[in-house]
Amino acid sequence: MIYDFLNDLTGSPFIAGTITALLPLFAFILPFALFAVLLERKVAGHMQDRLGPMRVGYHGILQTVADIIKLIQKEDIIARNNDKLLFNIAPVLTFAGSYAAFAAIPFSSVFLGANIDLGIFYIIAVTGLVVAGILMAGWASNNKYSLLGAMRSAAQIISYEIPTILVVLSIVMLTGTMSLYDLSESQTSYFWNWYLLGGPEFEIQKFLLIPFMLIGFLIIYISTLAEVNRTPFDIPEAESELVSGYHTEYSGMKFAMFFLAEYANMFAVSAIVVALFLGGYQSPFGYLGNLLNINWLIPLEQFFWFTFKGIFFVFVQMWLRWTLPRLRVDQLMAASWKYLIPIAFFNLLIIGIISIL
Amino acid sequence: MGLLDKEFSDGNILITTTEDLFNWARLSSLWQVGFGLACCAIEMMATSASHYDFDRFGVIPRPSPRQSDVIIVSGTVTLKMALRVKRLYEQMPDPKYVISMGSCSNCGGPYWEHGYHVLKGVDRVIPVDVYVPGCPPRPEALLEGLLKLQEKIRYESITKKKNEVV
Amino acid sequence: MSVRTEEMVLNMGPQHPSTHGVLRLELTLDGEIITKVVPHIGYLHRCFEKHCEVMSYPQVIPYTDRMDYLAAMGNELGYVIGVEKLLRIQVPERVEYIRVIMAELQRIASHLVAIGTYGADIGAFTPFLYCFRDRERILNLFEITCGARLLYNYIWVGGLSHDLHPDFVRLTKEFIKEFKPNLRELNNLLTYNKIFIDRTANVGILPLETAINFGVTGPMLRASGLKWDLRKDDTYSVYNKFDFDIPIGEGKMGTVGDSWDRYYVRVLEMEESLKIIEQAIETLPDGDVTSAIPKKIKPPVGHVYSRVENPRGELGYFIISDGSTSPFRVKVRAPSFVNLQIMDELCRGHLVADVIAILGSVDIVLGEVDR
Amino acid sequence: MKSFEEIVEILKNYFSDTSIEPKSDVKFEPYIIIPPQEIDKVCLFLRDNSELYFDSLVNLSAVDDFNGQKIKDEQGNEIMQGGTMSVYYHLESIKYRHKLLLRVITERDNPVVNSVTSVWNSSNWHEREAFDLFGIKFLNHPDLRRILMPYDWEFGYPLRKDYQNPEFYQGMKVPY
């Protein structure tokens, strides 16, 4: 992929590796996080009969840039009773977790950090680091609100991994691959090939699968929502209860890291949903590049479609946030263990039965 | 004055431009502590709400003082509360700013004479950057106070002392 | 194997996003379950009663505004009724009508804040801003009447500071017309939201017996199922001339007297207030609003207890006069002060998140709790 | 609905004449004077009697009557010696819709009144407030601490008429 290309170009695996590693960060995560925060504030503003940021740049487009530059300047407070080592590691770990996930996300058929065979498995595994980071942050802050937030967060993320994985499993079972690249490639060219609509095989099974795929899609969307701590599942940082949850004690750049990680995560989970169910980077209507016979246009189109779909789901997450109240911690657990997991499990069984038909 | 000091105090192009950038960032993104005391807090909420919309200026309430830049002391500071306000101020990371909103926190307001439990002015416990008069100040007045604070930040300098700034 | 467990003490406030001001709650937790709540108040004790003793009777009115700053008109009304009782003044009918209109508009404004902040406590931030948007229109009505947005000094002993603005009636009608659909929108967005109901129904149930014993009044008492409203039961001003209902909690989504009921009673009360305003505006009599204002206010020796139904409950003023121009003693029976006592009773056995839901449904204003 | 006279009549049947002292000749609101040691018993009776059924304590107000002897202390401040303090109880029966005002008079120099918290829970904070601002001690109160003023306030009871405000509290200047 991109690594091979760079390796050929520069002749040095080291440079190629470094660039491949940093590319998503600077080309995508940072700009995306800045954009997403602004989008969030704009979406919130317009939903609430307000305007959102207006004064910083044209219609506030520089608002988040100013926020980040300001956060860099802020004093980095480490209180006397904080566990200094963990306190410093936690934001890095959280950010690293969500950053590492981007390695396996297929932005297009060429812009792909690493085409790992176990892509989806890898993403789910490394996002587990986020939990560790959050727990560390909560513990090291030596603040009761942070601790409660961290505990809630750990419980929540672990509970909601299960329905996510069950749904992922059903797709994996159907396709026989864990590579997100292969998954995206298989749902090629048109939207009726998406797994949301039963997958590319045009047989009777496809139509049988459609309702169960829709259920699976809903489950994975809900549970990923919970994994990134968004409303209605934002209890770990529930503003009105726990002040800011696990990052109550963080200031300046460390807080910014949590902030960036949160928004990067929002995109990462949306990307998983997109890659599994909505054709990944494939265009729903065929490619302009094919039509005009311009080969280099196709990856750009793919990149556009992938980010478009991803940002659409990020937008839906924001939309939900500014519409819904939040659940209570026990209701949240009940929603996962009593409803999502059994449904996901039966869904898995039925999809399995259909696929052997 | 050493060579380096001179170099910095003269304000060469590099320093002034970064300074401008930093000041611009600071003034454009003043996150307030989500903290209300009394009547003025309601007007502060009204300022954040749809009609006046503080968010236009980049001001959003943060629940935790660790992540905020400006504290709007909105309302009467009582003796029981004063040390808490002070602690809250101390919890905020530098650079931090204080807007004193309303007569009560400016000078004790209507409680200045017989208020046995009222602190006559929040500036007796924490330093104040901008005073907004009124009882309670209208949201427009608070916005004006914010613009004044932004003006103040715009001319801050890392090389000059704070009190030299006009 | 036995595990040593410890109770955790969690301090909520005085600076906390959802304590509605400077309340401090000391929660004793077993895991996330509350075993004890101790409210600490007084962070906004502004010595109202001391000021009453040194100010003359009319000078007290601005201070009453600053107690329950969300319902300043109601505060003024209660105090003024008390002083008028001491002085035995009969005020013109127009004054009474305008007072009722103002008090009811204020009730809507206050309930909007209560509902909005309650939504925000539960996690729905958008209804909060919608409520503030509608409240802003009521504040505009107040502003054209007396020039102030929040604290008015409008209702004076024996009259009013200004007559109504010529546009007032038209603007109020416009407001009512536009507010009704907004109320429906609010209901769709928040009241009947499944998550909101899950969070509030069957949480913090307040049985009627307990409520009465704790002296709870206002929407909280009505949500527990008692039709008790001073506007009807101990009528004052001209409330007996208007036709309106007293909504009570019915346990529609859970048990009678739960947080959802307390919330919903407020929503229904806003509709009733709209009814009263509509009737009062239709039948607004003519007259001079300043004619009965006495030149010198010097009531005879005696004491009087006057009370009004404020948005938060029964607001009482116990005024003792020693025959001079300033009150000898004014004791305020603040509804929030009394209602807040019940926190411990309501919260026990619930989760931390429920404390927020319960506190929001009690709807306190710290200015009034601490005075 | 019972009138003031009827209520007094019922009370007199159960309590001795010395403990019930009706005052109906005052302007506006007649009241009954009860000795401070008996107020809890009278209140319990008023609540539980089936004819009266005063189930709600609306208000409890402490008043510094300020009717003692004015003297000067060492600093030349005018202080009060002797005299009385009163506590007013506004009762209401939600069932029968009648109201009653009780008054307890106690010594100003050592004000002690029996608590009625065991009768009505609503009196809990009212009594704490009276203790905080007037220094009236309520016997048998479950939790008699300061409520509005800081817990470490040691400069007296601010709503007494001869209260002197301190110059400094925890390093903060108090007067303007």
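Letters are used for the chains, namely A, B, C and D, taken in the order the chains are written, and counting of residues starts over at 1 for each.
Assume a contact is a pair of C-beta atoms (placed from the backbone, for glycine too) under 8 Å apart; a residue touches a chain by one contact, two chains touch by 3 or more.
All of these numbers come straight from a predicted model, not from anything done at the bench.
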Chain centroid nearest the full-protein CA centroid: C
For subunit C paired with subunit D, centre-to-centre distance based on mean C-alpha positions, whole Å: 26
Centre-to-centre distance between subunit C and subunit B (centres being mean Cα positions), rounded to whole Å: 31
Subunit A and subunit C, separation of their C-alpha mean positions in angstrom: 45
Touching two or more other chains - residues of subunit A: 48-50, 239, 243
Residues of subunit D engaged with two or more neighbouring chains: 148-150, 158
Subunit B, residues touching no fewer than two other chains: 34, 49-50, 63, 80, 116-117
Pairs of chains satisfying the touch condition: A-B, A-C, B-C, B-D, C-D
Complex interface listing, subunit A residues touching subunit C: 44, 47-50, 144-145, 148, 231-232, 234-235, 238-243, 322-331
Interfacial residue positions of subunit D with respect to subunit C in the complex: 26-29, 55-59, 61-64, 88, 90, 94, 97, 101, 120-126, 133, 146-150, 158-159, 161
Residues of subunit B touching subunit D in the complex: 79-80, 82-83, 107-108, 112-113, 116-117, 119-120, 124-125
Complex contacts: residues of subunit B adjacent to subunit A: 21-22, 24-26, 28-29, 34, 49-50, 53, 55-58, 60, 62-64, 66-67, 69, 91, 93-95
Subunit C-touching residues of subunit B, taken from the complex the two chains share: 33-39, 41-43, 45-46, 49-51, 61, 63, 65, 75-76, 78, 80-81, 84, 88, 110-111, 114-118, 135-136, 138
